[in-house]
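A, B, C and D label the chains in the order they appear, each numbered from 1.
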Amino acid sequence: MTTYLASLQTSLHNAFEADARVVLLGEDVLDPYGGAFKVSKGLSTDFPNRVMTTPISEGAITGVAAGMAMRGMKPVVEIMFGDFLTLCADQIVNHIAKFRGMFNDQVRVPCVIRTPMGGGRGYGATHSQSLEKMFLGTPEIRIVAPSHAHDPGEMLAKAVLQAEEPILFLENKLLYPMSLAESEGAINVEYWDKESGYPTAIVRNHSLTAADVTVVSYGGMSRVILPLLEELAEEEISVTAAFPGSLQPLPIDSLIMAASESGRVVIAEEGTEAFGWGSEVSALLGEHLYGKLEAPIVRLAAKSRVIPAAEAGEEDALVQATNIEDAIMGLLV
Amino acid sequence: MRNNTAEIVDIAAQRASNISRLKRFYSEMILIRTVEQTLLDLFSEGLLRGTVHTCLGQEASAAGVINALDKDRDIVCSNHRGHGHYLAYCADVEGLIAEVMGLPQGVCGGIGGSQHLHRKNFYSNGILGGMSPIATGFATAEKSKNSGAVTVVFHGDGAMAEGAIYESFNLAALWQLPILFAVESNKYAQSTRIESEIAGSFLGRAEAFGLTAAEVDGNDVLAVNDAATEIVSNIRTGKGPAMLVLDTYRMGPHSKGDDDRNPQEIESHRDNCPITRTRTQLDADWCDETKLAATAKVDAVVNTLKASRGRTD
Amino acid sequence: MTTYLASLQTSLHNAFEADARVVLLGEDVLDPYGGAFKVSKGLSTDFPNRVMTTPISEGAITGVAAGMAMRGMKPVVEIMFGDFLTLCADQIVNHIAKFRGMFNDQVRVPCVIRTPMGGGRGYGATHSQSLEKMFLGTPEIRIVAPSHAHDPGEMLAKAVLQAEEPILFLENKLLYPMSLAESEGAINVEYWDKESGYPTAIVRNHSLTAADVTVVSYGGMSRVILPLLEELAEEEISVTAAFPGSLQPLPIDSLIMAASESGRVVIAEEGTEAFGWGSEVSALLGEHLYGKLEAPIVRLAAKSRVIPAAEAGEEDALVQATNIEDAIMGLLV
Amino acid sequence: MRNNTAEIVDIAAQRASNISRLKRFYSEMILIRTVEQTLLDLFSEGLLRGTVHTCLGQEASAAGVINALDKDRDIVCSNHRGHGHYLAYCADVEGLIAEVMGLPQGVCGGIGGSQHLHRKNFYSNGILGGMSPIATGFATAEKSKNSGAVTVVFHGDGAMAEGAIYESFNLAALWQLPILFAVESNKYAQSTRIESEIAGSFLGRAEAFGLTAAEVDGNDVLAVNDAATEIVSNIRTGKGPAMLVLDTYRMGPHSKGDDDRNPQEIESHRDNCPITRTRTQLDADWCDETKLAATAKVDAVVNTLKASRGRTD
């Protein structure tokens, strides 16, 4: 079975073959290194002139990608760690996200900014964050994050080859080596919002029309949720999990539908809680499902402090399967 | 004897060509100035909101540099003080004034405003230094497409303190990109003198990053155009990225009325203004007529625009 | 009556007198200019060595302020427009907000980053934003925003002289010239959370214990809400408005209390809606007041696109008093 | 004759002093190397997680530069590859190893980890270039307090592409700050050679921003220390900010096992390693003993730490 990483690698390869306008730039992306997380491995060997290794200038290379996109190319820029998006913030927010609108719809900036997010590898406070919250809410960019239940390569192909808008494409460090999840045993995976190209993965550990609890989450957090659903199936606790592939814009109808399967919602994310992705999801569900929820929505997220390098500290800071399990159980008493 | 005659003929031809260039530049510069002064007037009349950074006194860098370009394929990235660049690029008086007035006839439908202009290959943004990575990306794309296009990006002296510019220098030099960094050094950033903003030297900075660099009297429009033409041609023939520093002086306020400089200081630059200097080299009557024509043109545009928003003088 | 601007000016002046460790740095902050919005006017005349004009290097000067704070000073750095915080993002998120935690509580970074936010002045897409959402949720920084009903100088004094933590201090361009709001006529202002130094202003247009509707908002948005409350008083529609001075951390208990006065909540903010400040407020209130709200929470925010320079376009993009009025009325039918 | 004798005495004294400095530096460098190799071993054993960027081959810049400082008041800002700087600063073997192992005995309680160290006036962060504004702020504060303290901030050659550094150069020069930018040019950034990362010249860059700049053989510990001592003394006496480029070579992998360089290339640098070079100038037996002592010291620390987490060899 192919891994999350291999799916991305193959997808890039195919995109390069499909469209000569596609280029990739980033730090250390050339072979034999192939990028810090190996996503571009093999690419520069096959397409030597279209893979550009860059100096360590995250801000400028993001702008360069945007400039190339505005002049007819389809650039993919790799930011080595998602934590470094802080350095790209001005190019993303005040340039990339602004051009189309402020130039009165006369330009397009179809660039893809790929970056790995997340902790769990002991990298410490500046290399483990989930900083997407900084860009969530910025008009005119799409933010995408394949979960363990997605085919990340398909989503990347969509973003690189077809999208007209700028896309922040979030990968997850711990998912890279994992095999893609499939329907198997108690677990059933289906996809909603397929036409968007960034489907919402609906994962159920039951075959009922109603569920005990709905878990809404995304990206790397899925890694612990799928095994948890298997476990809970044995205890006959039926859970529907929704992992939107598109964090922004959100597939609101799908989330409402998934939440309605149970009326009991747990939102889990790897980043911190306040003003996070889950805040918007909770707000939307609370507003739309007013009077229809069986219980208050529960949000789970990282503790509001730096992520320690030490293993125990890091585990304590980030949401673990047991936290999610406890929240689910808490909703069922 | 023959040689001598040939030389004299050459010099005469050169002078004639200079005169014709000077006339063209004068027309453009006086149009720019008229538009800028009109915008300040419209602001006072309450017909404009927001910011209006005018380039009074700096018209030569717009006319001189942008006329060194091949406007069909070259690319201009401009900054907050970009009206002159825009007019030198496309002479679109109505699109500009309407844009600054926030009218739908504006080149960006009034959405962009003074600092956010786009037409064909012209792009501006109000974030100082921020267009340098974008311009570097333009140049990267054009180089990879082998289009022969040159990208020029304008910064003020104050903006040269932004780190994004040096990241761009490095990239431009590493990748030998067809890009020109034009620095309009008017000695001030808003209220602050260059001595409090910039250490070292611009030329040294560019050279140390591997760019070729030159400096020119930015108020001598012919000199600017000559320097820019040579540099752009070098860039186009693959000689790599460059910087051109244009020494000039802002004659107007930073934006609308904010000017705490000593009036005597400003006055001392009056004779050095590129329009005054060009005028002394041309026929005064022709200049006056040209100026009148510019005024008439701009007035007509303004009247149409005022009418369109339901107001007239 | 003193203005929002004068209150800030006086406060800085007093802080400089009270503590020799206080310094201010920023672009064009020297007299006679005194800063783009004049907040430091007069300061460099009275304290010539402690007001430092800087080059146009927003990222670096933010780091410089942090460095000074870590070495025993109390720096205030002015970022000319809030939009330029994008350029400070790396220093704020990966340095200022990290040091205390990742150095195991062994350092403090008591710097104040002051900046004006908001639109309404025709400055266009890159000079009119409310970008606080980018930093909301970043652990270990406090975000403060005086509203029209606050004494901004008092809050600034607290931030500059007493705070141990890094503070993002958000001013509002349109509030600068306005006189500070006071209890007057139908309007009654009281303050909760005073002990924090960043009080929650509770503004009522009634003297009842219950209200018809609660408006939760902050910062510049207050400018249109106070007059609206006066108008609504004439129609005998009783509204309680809560403007927390501290956007992060949020005074949750106060917001719950204010919301409970009516059970009908309108959240209004100047920034865009998705993943904004209001998302967290709606989520919190929805979760805490589960089953106790009379109606779904309503959020009002800027349209999700660039802010046009043109007046009509800008008005359309940003929340206006009529939108808030409509929302209040909508909750009462 | 007298002169000659005096000279001979001077030279002898100088040599003796050099020998004693060399011994001190050798001890420090061998301790650094032992710790770094131990960390790589602990990683292989699964006792470390995360990143470990070791400074194998670059020990001379840590020892040479940091020993030019007044450790009681001067400030050190370090980067991702900061273990050597840390040990040269405070010799805290246990605090460092424990920190990298994620133990509570670590200098930051295991929260910081390899890239985020702080003790007294030592601060490091893993964001390349990011500490330069912070260091500039330190220097601003110390200057305004008149403390006489000098701040040194270390960057690699690759990090020199970050714009924050040039914003800091500009500030440092404008304000004549007591700060030294030390550039450890090991010719690689992760997998990428310097030629693909950096255009122009480091010295030129610093000078063009108004800093004084010097370059030194970064593997010659005495030369490094001499150069740094002179520069630090100039800075301390108010001669303004400076840059020192240290030419060196990374002998180990970028972090743990990622090294695609040609082994022959690495081998060709073996004899130039600062420890090998220093050893040839000292008594071999003394060096061996010193190395053994370092190993014993580090082993003891590791054993204690392993025990404390409930494991031993």
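Here is the rule we go by: a contact is a pair of C-beta atoms (placed from the backbone, for glycine too) under 8 Å apart; a residue touches a chain by one contact, two chains touch by 3 or more.
Quantities reported herein were computed from a predicted structural model and do not represent experimental measurements.
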Most distant chain from chain A by Cα centroid: B
Approximate Å spacing (C-alpha centroids) for the pair chain C, chain D: 43
Rounded Å distance between chain A and chain C, as computed from the means of their C-alpha atoms: 31
Between chain C and chain B, distance of the C-alpha-averaged centres to the nearest whole Å: 38
Two or more partner chains touched - positions in chain D: 109, 111-112, 116, 125, 127, 161-164, 167, 170, 174, 196-198
Touching two or more other chains - residue numbers and ranges from chain A: 55, 57, 59-60, 83-84, 87, 90, 94, 98, 101-102, 124-126, 306, 308
Category of the chain touch graph - line, ring, star, complete, other: complete
Complex contacts: residues of chain A adjacent to chain D: 27-28, 30, 32-33, 36, 53, 55-57, 59-60, 83-84, 87, 121-127, 306, 308-313
Complex contacts: residues of chain A adjacent to chain C: 83-84, 86-87, 89-90, 92-94, 97-98, 101-102, 124-126, 131, 133-140, 248-250, 271-280, 282-283, 286-288, 290, 293, 295-299, 303-306, 308
Contacting residues of chain D [partner chain C, same complex]: 75, 108-109, 111-112, 116, 118, 123, 125, 127, 130-142, 144-145, 163-164, 167-168, 170-171, 174-175
Residues of chain C defined as touching chain D within the complex: 23, 49, 52, 54-55, 57, 59-73, 75, 90-91, 94-95, 98-99, 101-104, 106-107
Residues of chain D touching chain B in the complex: 161-167, 169-170, 173-174, 196-201, 203-205, 207-211
